[in-house]
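Next come the structures, one after another.
Both of the next two complexes hold chain A, though its partner changes from chain B to chain C.
Take a look at the complex of A and B:
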C-alpha cells in the first residue's frame, strides 16, 4: 500500500509536533520540581480537570478551521450552567438538566452560526456580541447569585466513576472519539476542511456553506452546554461567572495543539494534547505554588511558543512561510 | 457561415444531436455584459476549442455551464432535450465536469477526499465515508493520468503541476459525458501534458465531449476538432481548424490585426549589469553562470521545474546561496531582497496577484510601493507626490485605469502587469527579472508589454526574462540560456534562437 512515492519526507525530528515536545518538557520539568506530580492520583486529577476544557476545545477546533472564532463559548457555558442549575434544583432531574443545558448552548451557537453564515457578520464580532448577551442573561437569570442545592444525580457527573474510571474522563474520551469520527470519517468533516481551505471548491461541489457553518457553531454551543453541566457538577453550584476566561483557554489549547488559523489546517489530536498540556501546566504550577493569575501568563507564553515552534519546524520541513 | 453549417451537418449525420447545446445565452453583471446571445454546442467525441482574450467571456461561459452562475437568458439542450442548469448539482446531474484553472482543491484534505468532495460514497455505518472505495477509485484515475502518487497524500504537499493533475483526476473520476477544461496545461510539464492528451484521445473514442479553453495556438490546432472564438462576450465565429490560420484566429480574438512578431529594436549591448558565476543555491540549482548587459533582453528557458524561477530567486537574494557569486552593477551582491531592490534590481514575479501587487490598494499606492525610501525623504509619505509619480508612470506605460486612486484589482491582467513593471520603474530599477511576464495576459496586452520591455532596454536597462512560451523567447530575446535539471545546459545567440533549438536543449534525452 505504501510503495507509492510520497513527496519528500522531512527529517523525523522535524515531524514531531511542537505540542508533543512541549508536553514532554513540562512533564519532565514538573516531575523534577514536584515529587507528587507523577502520582496516578494527580495525573487522573489533571485529566478530570481537563474534561471541561476539552469539551470546549474540540468544537473550537472546527470553528477555527472554518477561519472563524467563538469568543462567546465561556459566557454560553455560564448561561447554560445557571439555566440547568435552576432546572435541576427545581425538578431534581439530571436528564432535564442535561437537555436544558445543551439546548441553551445550542440555541446560542445557532444564533452565532446564523449571524456568521447568513448575515455575514465577521465571527469575531458576532461571537463577541453573543458573549455580552449570554453573560448578561446568565447574570439576569441567576440574579448574580450562585445557585446551590444541586441534586446528587447531577453532582455524580463529575464525582462519579464507572468501572473505576471517573465519569468526566469517560465523557471527554467519548467526546474526543465522537468528534474525531465526525471530522475524519464523514462528509461533514471534509466540508469543514473545505470551509477553511477553499470555499469555492465547496460551492462548485454544490454544498451549502451556510448550513455547514450553522452546524459548526451550533455544535460549539451545544458542547458549551454539555461543558456547563460538567462544570456545574464539579463546582456543586450553578454560577453566572463559571465560564469566565474559558474561551481564552479553549482557543489557547487549539493553538497550542498546532491548528493554524488559516487554510483549514486543523489537527484534532493536537487539540487533545493541547488541552492536556494546559491542564498539566496549571496543575504543575499549582503544585509549585504559583498563583493562578500568573498561570494565565504562562498559558499566554505557551501559545506564543507553540506558534514560534511551528513556524520554525515548518522552515525545517521546507514549507513556505 | 456556410462552411459551419456543412460541418454541423456532417457531425449531425454521424451522431444525431449535440450532447449539449447552448442557445442565445446572455449573462450580465452590474456594469458588464459578460455574455451576449452566445450559442454553442458540443458533440460526442469532439474537442471544442474555446478561444478569446481575457474578458472575452470564456470564464463566464464556463461558470454558466457548470452552474456556478445562472444565465439571464437563453436555453440549454441536453441531447436535444431542454434542461435547466441553475446550480452545480444540476450541472453534475447532466454529466458536466469542469477542470478549473484556479484550483478547486482543499489543501489539508488528501487527494482521495478532494476527488470526491461533495459526492463521496457512503460507508456501511450511516453518515460515514467509504474510504476503501474512494482510495481504489482515486488510484484508478491517478494511474490513468500516469501519476505515481499515494492518494492519501495531502494536497498542500503537492507541487503546482501535481495539483493540476489532481484537479484533472477529480473531473475524470466523475465519468462525465461533458468535460470542460480551462487551460489545463498552463501549469503542466510537457510530459504531463502529453499524458493528458492521451487520456483525452481515449475519452473521445468513448464519446465524451470536451470543451477546451486554451491560449496556446499549437494546442488549438493539434487537439481541436472545432474552434469557437469569443470576443467581448459575443461569439465571433465557430469554425474547423483547417479553415483558419493562427494569425486569422488572433485577428478574430482581438478584432484587429496584431503583429505576431513583437516589436524589438536590437542594438549593441552596453556594460555588464549582472554577472553570475558558479552559483549554487539551497534550492537545488547548481553551477549557474550567466550575464546580462545593458540594452539586452536575455531569455531563461527550460521546462517547468528545470530551475528557472530558483535562479531568479537566488539572484534577488530570496534563497540562500551555497557557493558562487552574483555581481550586480559590478559589485558583489549577497544581501536579501531589500538590498537587491535598493541596488536597483526588480523581480517581477510569476504570480503577480499574490507577490507583485496589493490588489485592494490604489494604483498610486502600488506604483510608489517599491521605491518608498528613494521617493520620499525623511520617511514621510506625501499623497500628492505619490499621485504625481503615479500619473507619470501611467502616462509612460499607457496603463488603462480610471485614475490613480482606483484599486489595482479592478484592472485587467495586462494593465496589472504594467503596474508591477511601473512600480519598479518608479523605483529607478535598472535590472529587471521577469518571471513569466505574460502568463494569463491576452495577446493584445502581450504586445504592449513587450513594447514596454523593449523601451526599457533601449533606455539602458537589462532584462532577464523567464518564459515557458518559447515563441516569445525567440521573438523578443537577444540571447537565451536553456536550463535542464537545475543546470544551464546551453546558451543560444540571436542567430541560433529557434523553438526547435530550445526544445532540443531542454529535453531530457537530448
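Take a look at the complex of A and C:
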C-alpha cells in the first residue's frame, strides 16, 4: 500500500527534531550573537532571499523522491536567466521573459528526463552532462557578459509588494502550496511516491514510469526557469554564472529537511523548513560577518551532518555494504 | 557438467578488453588524421608536445578517479581538491621559496581530502556522489576564503621545470605520466589489492562475504584519488606559474569524461588504467582540435557534458546492463 500522507511514526519522530532543532539552535544562536537578527525587517529579508532557493528545492524534493538527483538545476537557472534577460531587454515585456525563462528551463528538464527515463542513464550523470551543456550555452548566449538594463516590470518581481507583502514571498507561498497539493492530493503525487518507494506497484497499476520521470524532471527545469526570473529581478541583471552552486543549496535544503536519498521517502514541509534553515544560516553568518565562501563550507558540513544524523537515527535501514 | 565446457573467463576478458582499447586507439588515430587535415597547426612538434603535456595534467586527475569509478563510486571533488592543494602549495612556496614544502603540502592536502571522502563514503556510508559533492563545496569555500581574491605567482625556476622542462626531448610531466601509468596499471591489474578493487566494484556483497576488507580498500581508493589530485595540482602550478582560487573549478567535468570515454564503467568493476590513458588522449585531442579550429572555449563545457552522457549511454548499450 502506498503511504503518501506522512512518513511512518518513528521516522516522523526522528525527523521533526532534526530540522526543527537545527532551526531553533541557529535562531537562538544568531539572536544572541547579533541584535539585528530578530527584527521584522531582517526576518522578512530572510524569507525573501529564500524565495529563489525554495522554488528550486520544492521540485528537487520530487526528483530526489524518485531516487534521482538534479545537478544541472543551477546551470539551467543561469541559462534561463541570461535568455530571459535578453528577451526582457529587447522587448521590455515581463510576460515574454517569464515564458522564455520557463520554456528554456522546461526544455533542459525534459532532456534530463528523457536521458534518465528512456536512455536509463543514472540521474547524477545525465544531469552532470546537462550541467556542462547548460553552462556552455549560457556562456555562449550571453557572450560571457552580464546582461544589464533589466526593465522595471521584471525588477518588480523581486522588489515589488502586494497588500504589503513582498512579491517573492507571495510567489514562494504559492509555489509551496501548489507543490503540496500536487504531491499530496493528486494521482501524480501518488505515482511520484510510488516511483521511489514501490516501482512494482506502479508497474502493476499500468502506469508509465517513464512519463512520470519525464514530468518530474521537466517540472524541476521549469521551476528552475521561474527561479531564474526571480534571481534576474533580484540581481537586476542576467549573468551566465548566477546560478552556479544553487543546486547545492537546493540539495542541501532537501537533505536537511529529512528527505531520504535512498528510499524515496520525501517530506515537502521538511524541505520548506530546510530552505528556511539554510536562509537563516546564510543570513546569520552574514550578520556576524562570515564571508560567503565560508558560508558555503558551513552548508557543506550541514549536508554531511544531515546524512550522519539520518544514518544514526535509524531512518535509513540500507543493507550493510 | 565437465570442466572442459566451462568458459575461460580471464582470456575472454582480456580479448574483449583489447577490443575496447583498440577501438579507442583507432579513434585517436582518426582524430589525429582529421585534425592534421583540418588544421596546419596540429601536426607540428610544439603542438604535439602541448597535447601530451595537457593530457598529463588530465591523466593525473583521471587515474585516481578511475580507481574510484572501478568501485562503482564517483569523486566529484577532484577539481576543488586541486584548487585547494594548488593554492596552499603556491602560497607556501612563495613565502618560503622552498619547493619541497609545496610538494609536501599539495600531496598531503590532496591525500587528506581523499581520506576524508573515504571516511564519508566507506565509514558513514553516504552515497559517494553526494559526499564528494558536499566536499567539493567545502573545499571551494575554504579555497576562496584562504586566497581572499589574491593571486600568487612567480615560483622558483627549478620547480617550474616540473611543468615546462624537458628530459631527453620529452616533457617532464609526460615522463611522470608514463611512470604513474605503468605503476597504477600494475597496481590495478597485477596486485591482490588492485583485484580486490575490481571485485568490490563488480559485486560489493560478494566481496564482503568472501572476506575482503571492503572498507579499507574503499578508503585506499579515495585517498589515492586525492593523492593524484595533489600531483595534478603540482603540475598545474608548475605550468601556469600562478595560483588563484578558481583554478580547479573547470577541471572536474573533463576528468570524469576522460575516465568514462576510456571505457571504465560507471557501474563498477570494468575498466583499465590504460583505457583511461587513451580516454585522456582522446579528450585532449578534441579540446585541442576545438582550439586549433578557433571554436570558442565557452563551448568546452557543453562538448564535455555531451561526451560524458554519450559515453555512459554507450556503456549501457554495449554491456546490456539494466539500471
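Keep this in mind: the second predicted complex is superposed on the first by the 292 of 321 C-alpha atoms of A that agree within 3 Å, B and C clash if a C-alpha of one lies under 4 Å from a C-alpha of the other, contacts with A are read in each partner's own complex, and residues count from 1 in each chain.
Note that in this section a residue touches a chain if its C-beta (ideal position, glycine included) is under 8 Å from a C-beta of that chain, and two chains touch if they have at least 3 such contacts.
This one's a predicted model, so the numbers in the text were calculated from it and none came from an experiment.
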item	value
Contacts of A:204 with chain B and chain C, given as first, second, both or neither	first
First (chain B), second (chain C), both or neither touched by A:308	second
First, second, both or neither for A:265, with chain B first and chain C second	first
Per-residue contact with chain A, leading partner among chain C and chain B	C
Contacts of A:133 with chain B and chain C, given as first, second, both or neither	second
Which of chain B and chain C A:185 touches, first, second, both or neither	first
Chain B versus chain C as contact partner of A:294, first or second or both or neither	second
Which of chain B and chain C A:248 touches, first, second, both or neither	second
Chain B versus chain C as contact partner of A:194, first or second or both or neither	first
Contact set on chain B toward chain A in their complex	66-68, 87-89, 92, 98, 100, 102-109, 113-114, 117-120, 122-123, 127-129, 131, 148-150, 153, 156-159
Footprint of chain B on chain A - complex, ascending	2, 4-7, 181, 185-188, 190-191, 193-194, 196-198, 200-207, 263-266
In the complex with chain C, residue positions of chain A that touch it	69, 71, 115, 119-122, 124-126, 128-133, 135-137, 139-140, 144, 245, 248, 251, 255, 261-262, 291, 293-301, 303-304, 307-308, 311, 318-321
Complex contact set, residues of chain C against chain A	74, 120, 124-127, 129-131, 133-138, 140-145, 148, 204-205, 208, 214, 253, 256, 266, 296, 298-306, 308-309, 312-313, 316, 322-323
